[in-house]
Amino acid sequence: MTDPAPRLDRDVLAMRVAREFGDGEVVNLGIGIPTLCSDFVPPGVQLMYHSESGLLNCGPLADDGDGNVDLINAGGQFLSPIPGMAFFDSAEAFAMIRGGHIDVTVLGALQVSATGDLSNWFLPARGVGNVGGAMDLAAGAKRVIVAMEHNGRDGTPKIVPECTYPLTGRGCVSLIVTDIAVIEVLPDGGGLRLIEHAPGWDAASIRSNTEAVLQVSPNLTEITLV
Amino acid sequence: MPIDKTVNNFDEAVSDISDGSVVMIGGFGGAGGMPHLLMLALRDNGARNLTIIGNTAGIAAPTGFGWPKGVEPIDHAVLIENGQVAKVIASFPVSGSVSRPNAFEKGFRAGEIELELVPQGTLAERMRAAGAGIAAFYTPTAAGTTLADGKETRVIGGREYVMEYALHADFALIRAKTADTLGNLAYAGTSRTFNPPMAAAGKVTIAEVDEIVAPGGIDPERVDTPSIYVQRIVERPPSSETGVVLP
Amino acid sequence: MPIDKTVNNFDEAVSDISDGSVVMIGGFGGAGGMPHLLMLALRDNGARNLTIIGNTAGIAAPTGFGWPKGVEPIDHAVLIENGQVAKVIASFPVSGSVSRPNAFEKGFRAGEIELELVPQGTLAERMRAAGAGIAAFYTPTAAGTTLADGKETRVIGGREYVMEYALHADFALIRAKTADTLGNLAYAGTSRTFNPPMAAAGKVTIAEVDEIVAPGGIDPERVDTPSIYVQRIVERPPSSETGVVLP
Amino acid sequence: MTDPAPRLDRDVLAMRVAREFGDGEVVNLGIGIPTLCSDFVPPGVQLMYHSESGLLNCGPLADDGDGNVDLINAGGQFLSPIPGMAFFDSAEAFAMIRGGHIDVTVLGALQVSATGDLSNWFLPARGVGNVGGAMDLAAGAKRVIVAMEHNGRDGTPKIVPECTYPLTGRGCVSLIVTDIAVIEVLPDGGGLRLIEHAPGWDAASIRSNTEAVLQVSPNLTEITLV
């Protein structure tokens, strides 16, 4: 089946995710599309970034050549300083995550299930993988948002009844933002509800790209970015 | 005698690490906070059959993770390539890129190196528990996943938790910015990461530092790792002396 | 909006503490590191049936513990004497002197106040666990004693450990030297004690500080309690304004 | 039975305890006689003092009037600063204790048993007591030395077959220094062995003040302080 309209590019996807951030929230962004979200924080919203590298509050990525090996994010990228930073060790960085002090984390995914299970760390084909802080974030953040392409490169749906890849966490995802849809995970195994669609996409075309059952919100709207 | 934990050189600092030792290696994965010269000395020491514990198993060479451009990374790979490592305990053991495997991944695929994969927060907490005399604890991390396979679980307050044990080491090789002669340490920026919990978890903790100062040279409010956790300190000589280029 | 956690006055800072609240009170027992003006404001607030959690239950009045001579101590006793406390969780609840009972001991003997006695290290660790998302842990402290009565125990590595649960609070009233407007805190000397673990364990953490500065006013290497753990900060006015004499 | 000779005063008792300290050791001293030990550290021995108040390394007690409420020991006494101090919170202070990083602690006692059980925190007559850090120190320090008067004020022996007061810790004491004797606690429930006596006291006179069985070292000597 061909797409009824172009899919959103990564920047637009990140823009939509960034609309979820509340003023003053503490946010931890995973590697990839999630990191892009920091470029699109709405005006008037002040965030506090947390990184597993032992940092709360930071400036944008350092300009090329300005890198300081003692100021990095969890992806190993060099950051610029900002007034009001705090540094701490890994035990404390993860105490913050596990203790429920992170308001929102945005993570990429290989699969998300109908009950909000997340698989994002292990590709069976490789036979070995990095778990990093993904399981801690999945278990600990108050709110887990998945930002990903709706389908794999080969077109395989990534939103599935049950994850077939090894799990990162059970029932942890609360919102899925993809390049064609925004989908809520209802509490207590209530399933998935489509709440927004990309321009030119309707519930049927999104469902045909989704293996899990999708309920459709009576207030289904087109994704907006303002 | 005035307490002075200074050791004169890196070879001497690691001289009693021997075959089968369990060795923690500090840092996050990039150049910052990593004990480069202690790792090189351990390579020269030649002890084999080591278990190494760290956030990564050496990922910088294939990816440049956390290293400035143009500088050759030095990390756990120097030990792995030298055939000294039997087992790795880490959260991020392999390169982020499937097509650029690190030395560990090659050894793992060849069946030469065993892996215990631990979520990053659980890894830090298990070290912290070891240092703090906590034998085991219940964490929500990894509940319901394959990384909890074979582990005890318990429902507390309606939520499932996994029981994890303290993680000790014979030696902790860590890196700080400044030490005083008593062994108090101060770090720089995001280079703390695993160094403080490892300092507490190691039976013998050896700190590679940029500078050793007299007691009082570190503000007592700025001591990040108190001297009680540190057995040996060794100062990095200038690159011109070692011939090793470091960032 | 720029983040600013400053609250204008002490009464406002504690206004939502209500009957039945569980309240941690920072400090060790002496004058240092204790949130005196928050305690006075909580007394004026009048909330009753409180559970208060702290190292002591107010021991300074009868003994002068950690107070300079000639200054009238202010501590948990102001709440106990005002009949607001139903339960105390502490390690050092009574005066060191049998002949000089504190307000808590009188209330306890009268059957008006319940006590949960917890070893000091276990108390701190239970708070730290609450802040760190650890539901429970195994400690060797109190194994084989009456303070382990009724608790699960487990032998790990040949040694007996007691299982202890995380200890949470609705509010943590703490004291620091300096805050920035984001809520980062720095303490002075031995006045940290229970303040940092309480900051992490409290749902709402309110810090009484000597001085509030702009972001950047605290060296990022010197932040002892990162802002993530702090919901409100309130600055002590000069004694001349409050009429309260403090050391 | 009357004493065969005067008992040692508290200073001499503290002097004897202080001979146990090794150069460079980390020491935590309880309130009372134990605190006195710091006045009698042998020349050439450099100690690192640890306090539950969140301090490693400190100067002597502050002169009267020089007190700083932000620099106290676990007994609430004001200290003077010294170069090389480190400050930390209670979770860290007790991580150090519980984690086995304290070489020696000296504690007072109400009773010590034949197997090294310690009772030092609860007087049943009062009905309420302070446990403070005593149980943590008993469980965590590498070596627990008890420093106490050999008998209670009413003459009751404090070294007993089994403690009758509530315990602080089981089998934790390794050495007992009193005002008439020095007694080793043998490992693995091996009982108590008298190794030193106060001047004018012999094994018989010490045994008559001791309820627990006392073995006598073949090398029994008079307590010396040098």
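Per-chain numbering from 1; labels A, B, C and D assigned in written order.
Note that in this section a residue touches a chain if its C-beta (ideal position, glycine included) is under 8 Å from a C-beta of that chain, and two chains touch if they have at least 3 such contacts.
Small disclaimer: the values here were computed from a predicted structure and weren't measured.
Asks: Going chain by chain, each one touching the next, work out the least steps from chain B to chain D.
Replies: Minimum number of steps from chain B to chain D: 1.
Asks: Tell me which has more C-beta contacts between its two chains, A-C or C-D.
Replies: Looking at A-C and C-D side by side, C-D shows more C-beta contacts.
Asks: Can you give the whole-Å distance between the Cα centres of chain A and chain D?
Replies: 56
Asks: So the centre of each chain is just the mean of its C-alpha atoms; given that, what is the distance between chain A and chain C in Å?
Replies: So the centroids are 37 Å from each other.
Asks: Between chain A and chain B, tell me the centre distance in angstrom, where each centre is the average of that chain's C-alpha atoms.
Replies: 29
Asks: What are the residue numbers in chain D that touch two or more other chains?
Replies: In chain D, 87-88, 94-95, 97-98, 139-140 touch at least two other chains.
Asks: Could you pull out the residues of chain B that touch at least 2 other chains?
Replies: Those would be 125, 128, 132-134, 139-140, 187-189, 220-221, 224.
Asks: So with touch defined the way it is at the top, what topology do the chains form here? Options are line, ring, star, complete, other.
Replies: Drawn as a graph, the chains match no named shape, so other.
Asks: Contact residues on chain C for chain B in the complex?
Replies: 125, 129, 132-140, 154, 156-157, 159, 161, 165, 186-189, 219-222, 224
Asks: Under the definition above, what is the set of chain A residues touching chain B in their complex?
Replies: 31, 51-55, 67-72, 76, 87-91, 93-95, 97-98, 122-123, 126-136, 139-140, 166-170
Asks: Can you list the chain A residues touching chain C in their complex?
Replies: 23-24, 26, 44, 46, 48, 50, 56-57, 81-88, 92, 94-102, 139-140
Asks: Quick one: in the complex, what on chain C touches chain A?
Replies: 1-3, 128, 130-134, 180, 182, 184, 200, 214-216, 220-221, 223, 226-229
Asks: So in the complex, the part of chain C that touches chain D is made up of which residues?
Replies: For chain C paired with chain D, touching residues are 28-33, 55, 63-68, 91-94, 96, 98, 105, 108-109, 115, 117-125, 127-128, 139-147, 177, 187-197, 224, 247.
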